[in-house]
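Naming follows writing order (A, B, C and D), and every chain is counted from residue 1.
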Amino acid sequence: MTQLNIALIGAGRIGRVHAASIAAHPDCRLATVSDAIEDAARSLAAETGAAVTPAEAAIGDPATDAVMICAPTDVHAALIETAARAGKPVFCEKPVDLDAARIRACLAVVRSTGIPLMIGFNRRFDPSFRDLKRRLDAGRIGSIELVSILSKDPAPPPVSYIERSGGLFRDMMIHDLDMARFLLGEELIAVHAAGSALVDPAIGAAGDVDTAVVTLRTGSGKLVSITNSRRATYGYDQRIEVHGSGGMLAAGNRTQTTVTEAGASGYITDPALPFFLERYADAYRAELDAFVAAIKGGTMPEPDGEDGLAAQILADAATESAKTGQTVHLQ
Amino acid sequence: MTQLNIALIGAGRIGRVHAASIAAHPDCRLATVSDAIEDAARSLAAETGAAVTPAEAAIGDPATDAVMICAPTDVHAALIETAARAGKPVFCEKPVDLDAARIRACLAVVRSTGIPLMIGFNRRFDPSFRDLKRRLDAGRIGSIELVSILSKDPAPPPVSYIERSGGLFRDMMIHDLDMARFLLGEELIAVHAAGSALVDPAIGAAGDVDTAVVTLRTGSGKLVSITNSRRATYGYDQRIEVHGSGGMLAAGNRTQTTVTEAGASGYITDPALPFFLERYADAYRAELDAFVAAIKGGTMPEPDGEDGLAAQILADAATESAKTGQTVHLQ
Amino acid sequence: MTQLNIALIGAGRIGRVHAASIAAHPDCRLATVSDAIEDAARSLAAETGAAVTPAEAAIGDPATDAVMICAPTDVHAALIETAARAGKPVFCEKPVDLDAARIRACLAVVRSTGIPLMIGFNRRFDPSFRDLKRRLDAGRIGSIELVSILSKDPAPPPVSYIERSGGLFRDMMIHDLDMARFLLGEELIAVHAAGSALVDPAIGAAGDVDTAVVTLRTGSGKLVSITNSRRATYGYDQRIEVHGSGGMLAAGNRTQTTVTEAGASGYITDPALPFFLERYADAYRAELDAFVAAIKGGTMPEPDGEDGLAAQILADAATESAKTGQTVHLQ
Amino acid sequence: MTQLNIALIGAGRIGRVHAASIAAHPDCRLATVSDAIEDAARSLAAETGAAVTPAEAAIGDPATDAVMICAPTDVHAALIETAARAGKPVFCEKPVDLDAARIRACLAVVRSTGIPLMIGFNRRFDPSFRDLKRRLDAGRIGSIELVSILSKDPAPPPVSYIERSGGLFRDMMIHDLDMARFLLGEELIAVHAAGSALVDPAIGAAGDVDTAVVTLRTGSGKLVSITNSRRATYGYDQRIEVHGSGGMLAAGNRTQTTVTEAGASGYITDPALPFFLERYADAYRAELDAFVAAIKGGTMPEPDGEDGLAAQILADAATESAKTGQTVHLQ
């Protein structure tokens, strides 16, 4: 097994990101591409030299070494189960499912088969966030007291997307909830959320929010504050601060250039990189690396299905709290 | 009335800050100093050339043009009332009182006499926060969607202070609550607070918290997130971000120098200025300016007693929410 | 001609950088690798799937579409001439030669054959420097008055390298001299250089300097200041400032992460990226892009041989000025 | 001698700066004000409560403890001599004179009388530059290899001023030449200057330059690069970098606020403070402090007359080099 043959399921925007990473990875080969929209599969296959194969066939093909799921959310769990039963390692884009019970059922299958399952919480692999985590683990700021995460998309998606998304907390903030768990290394037991539809009234009419502040607490009393907005005129704003007993660690945005322009209005520097494809380009490559390394090394990759479930439960709690205004306690 | 004769009541740390500002102000004269601890009054009077006079006598003296109250909190309201009845403009350090009912009674006296009353929310006068507010008012980032305020003291005060302070929300966060109102120009109607004692267990034992996250909401749905901690190893951390429909405004810390030192571990810049005396030195001067200008111009100064009351009500709500975990709604 | 077949001559450090770029480029194929050290050629060929071919044969092969010269400096000119006579487009690492007369002779051959020749002044393709240039051209700071370039290597090369290098001005500063020309769009007519051996006395004993300051002037009086050092403990320091009638443009270093660590000693951020392979990784890819685009588009690439000659003449003048202490005037 | 009675000679812009510092200094009293333009003296005296006294009389008055010379340059030397002969400590604004021979004669008188003489090189007292110097002395970056100083005025003075100024090197760069000596702690033995009139052709017509780059070298080979311009659209640009064997120290500009405004064009921060009155406000106070402390402590203040002479000699050399294009060597 010099190169892993990877079956890619889903040839949309994020599928294409992973296809490019696979093509550039020395230890991988993009073997097959599957997509319910056959033209999408065909076009990506043509560009990459992969074969077009229906998903079930690709998963079942003995030549397939691993499965990468980039299909729509509602088929994630079923595809994971199919791959698990075929004994194939799976990388699945977040979330496993919008329903926690469905996730639990899926993970039971995964556990019973023992396959490696990795969930695509790409931000854990951002070089700055990863380095921040490394410094935390090295004790550079003592024990954590407070984690503050800000995440703003450049512009809201269409309402048709919002309606299928599970809402801001499950669709967007789930990344930040996973990040909080990743950084803290301790479970969160209380969740309070406040949200408003300030960016687009149609989002409010669809029953969702576009601006939200969530507070969480761990069993030992550490606090987390997460801020989300569907609008940022100055790029994709993705920042983390961790306050500890001995100091503070912050990770900020990246820019296209380091150019500063000085004039009568002051000093102007670049906006943040525009959106996730640019900001997390390195992270997508690094998460593929981690997946491949785990398979080749015979270890279980992280973040795994349990991480996917835990984040979903927090997102559900935040969704509920935003409706009631009350703190939701988790056991 | 070329120079205003000012009666300073309270010769402690903050009284001395104002005494120095008064001495340096071209339109003021520090006429009298009062303090329950006579040695404190005498020593400050000797340094400044002011007379030592008991508070009541100083307020009643026809030569006194204005009263500046820097005495302990528990005598603020009574002193304001005495000065109001004597028809003297008053500057009073925050808070008016730890009890909202007592504040209301005091403000009724103030209203009935028509004296100008200014409350010492010094941060409104910080040059950076003031400029941020000016840009908000000028529409530079469109309409406000979210205000985020972070405020960390360098180190916790002694527990003996904590016990008399009314707790973190009334003692420390009240400044941030006032700042939120100042920036938003709209009242806050819902308050959720979460707090922990992570810095010093003795603070927890005294029934208070030293780390807290508060979320507030205005009637129109704008959100506010406030973070407080009694510990910061890198100076007095005082930052504000306002996110609007058209952009973002941030105001950060000041440093002693602009020196950067580059070496194998990277680039090192100064910590934030150590504490409020250094960080808000300009603000203390500017708030005196505003008080003097209001008196000389015959206008009512801001922030006034109603601002003091409003912030206190929010601090009370946060205190309650931190205990119950539930959102407190204000009418 | 879907993909260009490229003959790479030189399998050393920089040859490997270009080999990787060629491999990743959709419009190129690394056809052959040549190196006087056959093991080097063989090892790189094995990794990339290219054939090992002697340089002359590779150049002469009708299947070869373009030649990329990464061999030692002393064979650059002869290889360019061979390729020119074979009618092959050439990309050659800087410099064409250490001797201006030899460069002139080589360029005469190039001109007579009409082949495209591009010189590897990679910094012109750094995204920040390129964007700075774009803003200059867009008139963002009016007319240029002064260009200031700072370039510091992390550590000096061995003296054995220094001895063959032509000296700091020809080996290291030549990049900055080209950059000055690139930014100004006007020729430099006067050169003054001052240099010292402060980093390593052995460099001084070898007749070279390791720290240097050069001042240049254009015909219209614009000034350029270039600073070089063979030592920087905080990474590869590569910065440019352009001062104009209407403002200032600066381009600075890049870092591995955006992490800031705050503690009692202040705020610490990452050192600059370690050296040219990291800092100019994007630039190497972009210069290959430009070379390929020129060949496919039938245009002449930039920087060309005349740019290589002009920079060499400036480096010669700086070398002379550093010895005499006098300004050298160019016609 | 609780408070020093200071005789201020010169009630122009810089005289007023010092008058304010003296008024605010606990150990000083502004006793007398002198100015050839009697209205200027009278107006400043009225504001400060000082007496209007002719310069000679003020110097000779037994009640005068120290003399502060802020008169036009052409009377500096004579006033210093008068004060020296009267045994009075002198603070004199730079320069002592535009002619080095005249300075030498003046310093001979100063030496023969033994009075303390301090020259107003205010930048030595800027908190950031002073801290940079402290770190240099503490060995934070090892031994100095290169000093880089950039100094840009916001806008050129009128040509009438230029004509009397002695030219850019003696009028403006003299501050940077003094700073180089201050930082290095070693004399400079070679000077090369290049200058152009790019900002205002009338400056060129008057025989001066408005944009200049100067390179200097110490006996041990350390290098200095100084850049000056009479124009900066983004405030008063005043920066220093010192490169050493172990790292780099940089001191930058200060701004009015710490506000950042983010929008579609990126992040905008304040321009540099507008000019020397704002940027060096702290420095003017600190240099008065140093002068007063020296007098009260019976020590000789720094920078002294020899520092004034040394900077003048360097400015003369730069002026000459800018004309000839050749390096000027000093013994």
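The definition used in the following text is that a residue touches a chain if its C-beta (ideal position, glycine included) is under 8 Å from a C-beta of that chain, and two chains touch if they have at least 3 such contacts.
Because the structure is predicted, anything quoted here is derived from the model rather than measured.
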Result of counting contacting C-beta pairs for C-D and B-D, higher pair: C-D
Geometric centre distance via CA averages, subunit D-subunit C, whole Å: 42
Averaged-CA centre spacing for the pair subunit C and subunit B, given as whole angstrom: 58
Residues of subunit D touching at least two other chains: 233-234, 246-248, 262-264
Pairwise touch network: line, ring, star, complete, or other: complete
Footprint of subunit C on subunit D - complex, ascending: 145-146, 148, 150, 152, 190, 192, 194-199, 211-213, 215, 217, 221-225, 227, 229, 231-234, 237, 243, 245-248, 325-327, 329
Residues of subunit A touching subunit C in the complex: 24, 127-128, 131-132, 135, 140-141, 246-254, 256-264
For the subunit B and subunit C complex, residues of the former touching the latter: 233-234, 255, 262-271
